[in-house]
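The structure under discussion appears below in the form of structure tokens.
Chain lettering (A, B, C and D) follows the sequence in which the chains are written, and residue indices restart at 1 in each chain.
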């Protein structure tokens, strides 16, 4: 009797747990929904279609950057240079678009070079950390200084405008749907494909226990380098979005985004120690950061308190994210 | 059909020469036992063959052709599969993913083929389905499994390689009897298929049950290879220990009864995670054995007494005083000691000098604030000598010792200041025969000095030979107490296997 | 063909080589090389006065790094990103308490140490009781501290350093060395004593190398870890206090420049981020090395982009010397 | 009609910014006496460019009448300002110029600011000597404009030799360290061009090296520096970037919202949308006046000036 009762309750608990195990971003999603509701309560117009579009186009870059960060976090690594990569790619494409005249085809070519730049940065990071076995936190901090220097070299002063063709497209509306939503859909598709790829599982296995993965015969170094390459790639895509939203070059534009990308990954329920997480969660985490910032304003926080309230809210959300996702695994 | 020849394999870690001259000739269709005391270089030799350790010298010939084994991947490609003593599992991946981690089935070149994966995994699991225990399926994350179940996953992972050469480095150390039996059945089948199998174990009965030939390795050097049928236990042990003649016959201490009847530890109505209504008393000078199948609550009870697991009900009385035992600190202060068989997790301070590994209990029990290395060194040496630990200096990092010697360090830390109660939770896991003998002699001595000792061992012989009294655990409860002449293998098995 | 046919005798690595591979020695050699290089590039760079001034700057960095070092040694991915915020906060608190009066020095010191300890305590409690990863907890705390700085500055006059404190930091005090260098030496001795001769020190290494085993051996894991974060906060606060003496008045964001460099100093000093290994002597050399490198770059006449690229690349090269992890295939 | 004005500040790392917001709030209060209700809503936080774009979007969601922004980028706001204008929102940038045609810049000319300090330095040195420059954040537009300003001036003085330029990121301690390194490597420098925020630090190093009698260097407009300046009789001069710029911008914005038209349309500057405010200059001649103006203020308080409502009204038809 007793045994039956206890086992059925265990099954129920297991049900909740397995939901959290399959979808570790559920808690983040709940926070997100709550934040949307609160934003709407304090400023109904923030839920208008235009405002939502604005929110998405502003934070699309951070979402992509959080995704970028997630792939290295999968393998138990971290990349503190993502912001610098965003800056570098931003100035590279801006300078190229200006140099090449800013026509449709040259814009695409510049974007391609930008993406390759991001990938190259990822390769550098990957070789430094996986190949030469430097510690990720300090090595990527060093590469971030290097990439920033490079960005300053490419474009010493913020300001060169992007061709109208570029940012009007990014901000435009096609068939009644804003361009950014097409981007979101495309990104979702790509992420779905990546999640089913062997590389995702391999990255997670490496993050779980690198030695075990190596001894099992996985090419650990190569896998980690691929993680950094994915990170560089998505950082470059984030830079394309930043450029679309800001329509100009700025060698420092990404600097502050690095730590936010780490925060977004944690908010999304991924473990910084590696081996567990989802990119969906990170995307949600990025939106949470954006919504916290606007909510703090909409509730009418006095200006001198805004930073503190935002800081506290993010700290609490981070703690909640960690606690809940651990509850899912414990 | 593969024939493997290893000649003159050599590996040094800094000043430690792990393998001096490893030779091994492995034939298709045999189970080749590799035996040697702790730290003799067995795992090192295996890892060289598996590609995860780079040898300093030596050659490997596969079917007569010299081969270069550049890494684990290369080894797999050459048809070598391995079970690692320390396991090679990704805890948060599922059983199926772990089994096929090195070669995940893919479709369209890049996507994981989940359906094929699950199906293939189910087929491998099916071999062990009835002995694997509850909660073991293809999509269970490995982190939720028990130690024996994890070992089964590692076995399946090795089997799934379908490699002609298979290496098993202590695959049975956490398995219960039924699991071992099943594993051996499979080994015999593979042997029949012509696979070449290396098998390592410290359990003599297993060696004689499954082996065809045996190679003995001593101090990093291969000393002899013989057919199992043409050798015996005494000869093997003689080859293992070299000149230490007196150890050739395993010393089996007769059951001594408690010298004094004074109760030192009393546990009543004890319930917690994995055990229910357990009650017993340990007298001064007594060695109380915990028996039964693997994972029936023996370990949990000990950990709960030690404060490392919470208990829900019951009382613990030590030297006449009741204790809540909310943490190991409290238990240690009360005079309790606990030695875990899982030294990597619970025991050693990885990378730290022996001295630091030896002193934490001493600090706590003497409420010290300052550490004076010269004084500490003096204190630490005595128990190390008593355990015949092999080491060069107290400043060397603990990972420069072999597994067995690491375990001796962990035990020695408890002996600087004598505890009143010693809880031994499978303390000899991975310890060689000679060391075991030393250890049990010492335990008997400690008991004679008035300590109360609780011993759990996954090896029945160890229990029967050393415990004065045995409580048999089944499904978290004590189902039988064996004393005096009742302490027979038959009674032990009978109690262990009967339905709770 | 064989795995490795050469029948080699194992070379016991010679003592000299072992010695030269020690992080402390490498750092010291590099410091000398850099000073010589600096002197060659711009005469006067390695003059005794200038070296003294570099040491003053290095000592502030070194004091922050002392706390960082302890937290990192304690393992479990120990890291303290909030030190930057604590340095700033402490400088403001100290400046306001002493407000230019020598008599206020002691109360100011006590006040800012208390502030450092308090935030260290918050960090420590979040990390141990709620088991938030240190990177996440201290990152969140950094956000809170930055917000707090804004609030505090709105309500407080900015303080000034007492003359005695200023001269303690910048003027010769004993044997021609400023007081702060003596303070740093004292901290070096204190750290050596703490780590090598106290039970607390032994326990730091114990929890850093295997927390679970330490717990089973009766080490009060949580208490120690909370203590480490409190010490880190206190060292950061002490550095903020000294920085006030260095710059004369407190101003916002003084501490920002110490956050990641303090970690770099620890790593250059031979303490791996994994913890459980390393000591403070190396970190001291690491701090000097970092400061010498930075100031060499200030004195050579190149563009900022060039400076950053050289700085980033040099850090990477330095890490390659001895910041590398172990190979998977031993 | 009641007016709602959004103030956006994307960096909170200095007291100057705090004062800027406070003065703008005070200016809004002052309109009450004129019978105009001006409600200000403020977003002031350390954000990156995308974060500040979000500020603007939040203001748009709230339906403000005007946005006054101290922008983190000159060009990045072009698209969002365009949207704001389409919604009928008046956009005014202050402190740093923006390229958007949909916005007006009300503030000082940063290039002239840099030039004023350089001119003072060059003249103080009698047109000759070795000079070093300590700049803010490399790549930041305000910094680069100031740099362009001093470069242009120094080019006119062939005997002034600019021996090195370094960046100390508008951080006082970094400015102090940079100065210390520069003093060690260039023992014979005569002049230092340094921006506010770092000047106090640079001066500290100069004083520690006991070179205050042989070096002329630019100074700061914060009260605690001006006190030292006065007490130690430093050879210094400071162009004033008054924190009151945002208040000035607010006054202009309110008048514009009331439908008034500028006498001279804002067409100055490289983007042709600027309306420059005068740049006061403090040197030893008027130091006492400046000190008097700051009397009784806290140490971090900056010397300030702004367009009063009356001054602003004079600019309109």
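Following the convention adopted for this analysis, a residue touches a chain if its C-beta (ideal position, glycine included) is under 8 Å from a C-beta of that chain, and two chains touch if they have at least 3 such contacts.
For reference, the UniProt names are A, C = Monosaccharide ABC transporter membrane protein (CUT2 family); B = Monosaccharide ABC transporter ATP-binding protein (CUT2 family).
In this text the structure is predicted, and so the values were computed from the model without any measurement.
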Those chains which touch chain C and also touch chain B: A
Pair with more cross-chain C-beta pairs in contact, given A-C and A-B: A-C
Label of the chain whose CA centroid is most distant from the centroid of chain D: B
Distance from the mean Cα position of chain D to that of chain B, given in whole angstrom: 71
Computed distance of Cα centres, chain C from chain A, in Å: 30
Chain centre separation (chain A, chain B; CA means) in Å: 44
Chain C-chain D separation of Cα centroids, rounded to whole Å: 34
Multi-partner residues of chain A (each touching 2 or more other chains): 151-152, 156, 211, 214, 304, 306-307, 310
Shared interface positions of chain B, touching two or more other chains: 52, 71
Residues of chain C touching at least two other chains: 146, 150, 154, 304-305, 307, 328-329
Every chain pair in contact, whichever chains are involved: A-B, A-C, A-D, B-C, C-D
Complex contact set, residues of chain C against chain D: 42-45, 47, 49-50, 53, 57, 146, 150, 153-154, 157-160, 170-171, 243, 246-249, 251-254, 256-257, 294-295, 298-299, 301, 304-305, 307
Chain D - residues contacting chain A, complex: 7, 9, 12, 18, 21, 41-51, 53-55, 57-58, 60-63, 73-80, 83, 99, 137-141, 144
Chain B contact footprint on chain A (complex, rising order): 21, 196-199, 201-202, 204-205, 208-209, 211-219, 275-276, 329
Contact set on chain C toward chain A in their complex: 77, 79, 126, 130-133, 135-137, 139-151, 154, 260, 263-264, 267, 272-273, 303-313, 315-316, 319-320, 323-329
Chain B residues touching chain C - in the complex, by the definition given at the top: 8-10, 12-15, 17, 48, 51-60, 66-69, 71, 306, 308, 328-329, 332-333, 338, 340, 345-352, 356, 359-361, 363-364, 368-373, 413
